[in-house]
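What follows is a pair of complexes built around chain A, which joins chain B in one and chain C in the other.
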Partner chain A sequence: MSKARTSPIRAGFVHLALGAYTVIAIFPVFLTIVNSFKDRGSIFRSPLQLPGPSSFSLVGYETVLKQGDFVGYFTNSLTVTCVSIFLVLLFGAMAAFALSEYRFKGNALMGLYLSLGIMIPIRLGTVAILQGMVATGLVNTLTALVLVYTAQGLPLAVFILSEFMRTVSDDLKNAGRIDGLSEYAIFFRLVLPLVRPAMATVAVFTMIPIWNDLWFPLILAPAEATKTITLGSQVFIGQFVTDWNAVLSALSLAIFPVLVLYMIFSRQLIRGITSGAVK
Partner chain B sequence: MTSTDDTGAMAPLKRPARWHILVFLTPALIIYTIVMILPLFQTLWLSLFNVTKEGTPVFVGLGNFKVLFGDARWAADFWNALKNNLIFFAVHMLVQNPIGVALAAMLSIPKLRFASFYRTAIFLPTLLSFVIVGFIWKLILSPLWGVAPWLMSLVGAKGLFLPWLGLPSTALVTVSLISVWQYVGIPMMLIYAALLNIPDEVIEAAECDGITGWAQFWKIKLPLILPAIGIISILTFVGNFNAFDLVYTVQGALAGPDGSTDILGTLLYRTFFGFQLQLGDRSMGATIATVMFLIILAGVSLYLFIIQRRIRRYQF
Partner chain C sequence: MGALQLQNIRKTFGAHEVLKGIDLDVKDGEFVIFVGPSGCGKSTLLRVIAGLEDASTGSIRIDGDEVATVPPAKRGIAMVFQSYALYPHLTVKDNMGLGLKQAGTEKAEIERRVAKASAMLSLEPYLARRPSELSGGQRQRVAIGRAIVREPKLFLFDEPLSNLDAALRVQTRLEIAKLHRELKATMIYVTHDQVEAMTLADKIVVLSAGAIEQVGSPMELYNRPANLFVAGFIGSPQMNFIEGGRLGESVATVGIRPEHISLSRDSGEWKGKAVHVEHLGADTIVYLETEAAGLVTVRLFGEHHVNPDDIVYATPDATQMHRFDAAGKAIR
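For the complex of A and B:
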């Protein structure tokens, strides 16, 4: 392409623009984390300074860990997210396999029906979902959240996974059939291992909205025992608006898991978006 | 489920019933139907009823909609929320998507150094929850902390600082811009992918014809990434008309100051769930959800049946 023509001046401008935007994107996160390690005075006196020996303080973290049940919230979030992802991947892959592998009457219609949920947000059914959860006694249980998130994640999972499963070679599957493998064995032992990269993409896409959701925890499971980390920090920070140490520390604690996961999975995630999303 | 019953008739003679298809499809279908599709239609159906004090639903036809659009108690709130939601969407289309396209265009310059670092960093805010993003910006923009005024003094504009989130005239645009800050990564990534998919031959042919730099972007690349821009627009539309978390976190359920940041999502929450002195009203909640459903459906249909068909696609 234009590699020979990219002048140093133009490249300089590009780096300047991208660098500036990177600062805009990172600065607020950086500011929060840095200030969470400082004492109250220095947070206000010199917000941009790194914590030094005189200003270093963990008082915010102490307040947070003493007051809020953050370990509990964290476990709740982790349970809900993991179980939902597992169910979305398992049921989504099974349905995607049925749709992409077998020809049967109503196949296309079924695909269309399942992809309805990609565009229409599940939130709009909240009124009836809450009614249903009240009727079945599932309000304030993690099961309610798992069910909702599984339903929410399935449409996109089926859509992406069936695209990928169409690329698995028929010869391989037929060879398996000749060797006497059942259809279940073909799915679990031949196809699933081959679509693992797609499963990882789906897992990341499913995880982010679940981990970050505030709406359903707020409505379906607001009890102390079932609060997720997102709802927990929302409520907690709301109570401590004037205790800046505690607020900044709570924010940092909430950012931390996302940051770690992103560092581990960022390549996978970006590759997933850039390869699969635009077709 | 009828389709799976028919499979027996369709299947070859030696395999009378292919039960495995049913086994593969059933779990997903059951959860999806019971938790998502049925409640959605139940909600739409509920919008045609009023619940009396005894708890028995009375059919009122389109009465709830008449109340929502015309009754003095509801109409002002509803039209205000709809107007704010449109502004919210407009800010995203005018700020988020052009910035996203510009960033992607710069990132896709071949052999750009640190490209993956920029990409990773700019995408980071997208992964954070609204709660975190909302509070961080609330702190930064707070006149108490003074980070924002201090930053503005660096460029000599300290006098221009205002408590933007607290003023009815600026709060909505400020909240929209926070949301733009968070989500700019998504258009950036999708456009970036679309730009990478443009074959080198096309670019080389353009260069042979002397089309380079800006002209190349406007005349060659932009037409080729229009389908991706279409997808982004509809994703933005659906996301914006369904938004709730950010406004709730930054401005509370009342979407203050003075309802100036109230959008359909917060109105739905307050109406259906109740807030402070206001009691929750299921039928009116369902009515608002139905209106949101129709708006989103209209947008999606417009995109699928009109815009998507008009966009010229190029195959290589």
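For the complex of A and C:
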């Protein structure tokens, strides 16, 4: 890090800009959480007010916890997200390692093919996916979702990770080979720890769309036992009446797991950036 | 039977032939240095010997055994890399011990060898540290220690000192020389630093564009270069090359080293004007524009007061002249 002196005015402006951005970014989240603790009337009358003694109410949370199996939805979402991230990182990193480390015919073509999915939205294949899942009897299982999300996350993972793996020192891998480490040991013990920041980036990019997805849970796993949190919250949004207390409470609850996961990954991200060089 | 035998080693990357048939014999306990310009294939040859790269054709024997199909870890070699290549997540001690651990060596034996190597390299105070907590010189010593504990038949060094500053380089060079005497091991060392090559080597292998130009002891290469390339590559400042015809000789090129020319104010063979003078303290380098021989570099020992534009006379030492034919081969 450079320790060059900056003028206080300059630093002030930088902080002002960052502060303003933070406020804008956090405001909706803040509003959601604040309003989830108010009664219905106060949500509409004074949406910007903090919950006071007269407006405080937990009715939203009560509805959420009574209606349906919310803990179950949570577990489903968490399971699907975590397993998908794990598989995306594992297979993505392995493919990236092969592409960046070994010279073989069609290497570049293979890399291009694996990254193609970044440009083609997986939803285009929904009908075929559904047919496939029906044929294999995977409809209404979490496995179906995990499979689809893994496929969805892999292209970006392969693309980002193979770029990063090219930067890992050849000498280090060769030193491992001379010391008798197997290719798997070189991958898991030498290369993976060095690309941890990239893995964290991929994890964050993979996690958010999976956690928020409504499309595939609705189509592939709408059964009560396999509902995810996003799908589960939909019961409160009706065509004519929407239970805002419940919606806001459900959303507030849904934020926390992602927040925790994000914090885990971002710690890695920052550590990676600050720990610096490979050498 | 030698420690290493290479026969007709060729290596191509796609259509690009990087090694063009290398034959080499290295005797037990020899310190062999590969020198050559950047990109001539020194590292590639070293990696082929280590087994990190497959040769396209040819045979490699280490200690008499053909090793073409043997993985790097089982070839009985150890390698020290330019970038140290220490495992960042392991302590100094574990860095040194990993190879032995992978080979299934007993714990007590690993301890003993690590202790011995770290004593040799004065690394004892740092055994519990990680590489990121060491200086460049210490890291390079750990890398050398990691090679020593394997007790290999063959040490391979790929420009191990080029990331160190000048003072540290001299110190580590001495340490490597001492190590070679103590271990009596066979070592192969790549560098493009001439001083390293001349001071450390029993035998220097000069490579150019993937082929061996000459193999010999440092003094052989200095005194009897086999061709123009070696003559120009060994020695600094570079040997003067003069067209044979200008000096009334029948050969294509005449070579004379700057230190084999004497300078005089009033008489000599070649009259010339000094165009540039470099004072290095121990040496004075004079660049002369002569009528007879063109631009000539002269190296004088000690301090001399020659100024640009001075008229001086240069006299080459006739016994130290090198003569080359039209193909660049030395005529003896």
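Here are some notes:
Quick note on the criterion: the second predicted complex is superposed on the first by the 211 of 279 C-alpha atoms of A that agree within 3 Å, B and C clash if a C-alpha of one lies under 4 Å from a C-alpha of the other, contacts with A are read in each partner's own complex, and residues count from 1 in each chain.
Operating definition for what follows: contacts are C-beta pairs under 8 Å (C-beta built on N, C-alpha and C of every residue); 3 or more make two chains touch, one makes a residue touch a chain.
Since the model is a prediction, treat every value here as computed from it, not as a measurement.
When both complexes are overlaid on chain A, the residue A:L114 reaches chain B alone and has no touch with chain C. When the shared chain is aligned, chain B comes close enough to touch A:V127, but chain C does not.
Of the two partner chains placed by the overlay, only chain B lies in contact with A:P28; chain C stays clear of it. In the superposition on chain A, A:F37 makes contact with neither chain B nor chain C.
Contacts of A:A175 after superposition on the shared chain: chain C is touched, whereas chain B is not.
Residue contacts after overlaying the shared chain place A:F216 against neither chain B nor chain C. Shared-chain residue A:F164: touches no atom of chain B or chain C.
Residue by residue along chain A, chain B and chain C are tallied for touches, and B comes out ahead. 275, 278 are the residues of chain A that lie in the contact sets of both chain B and chain C, per the superposition on chain A.
Across the complex, chain A meets chain C through its residues 169, 171-172, 174-181, 189-190, 193-194, 275, 278-279. Taken in their complex, chain C has these residues touching chain A: 47, 50, 52, 71-74, 77-79, 81-89, 98-99, 102-103, 132, 146.
Across the complex, chain B is touched by residues 1-3, 5-6, 11, 14-15, 17-19, 21-22, 24-26, 28-29, 31-32, 43-44, 47-48, 87, 90-92, 94-95, 97-99, 102-107, 109-110, 114, 116-117, 119-129, 131-132, 147-148, 150-152, 154-155, 158, 182-184, 187, 208, 211-215, 219, 230, 233-234, 237, 244, 247-248, 251, 254-255, 258-259, 262, 266, 270, 273-275, 277-278 of chain A.
Looking at the complex, you find that chain B touches chain A at residues 2-4, 6-7, 9-11, 18, 20-21, 23-25, 27-29, 31-32, 34-40, 42-43, 46, 99, 102-103, 106-107, 109-114, 116-125, 127-133, 135-137, 139-140, 145-147, 150, 181, 184, 189-190, 192-194, 196-197, 200, 203-204, 207, 212-213, 216, 227-228, 231, 234, 238, 242, 244-245, 248-249, 265, 268-269, 272-273, 282, 285-286, 289-290, 292-293, 296-297, 300.
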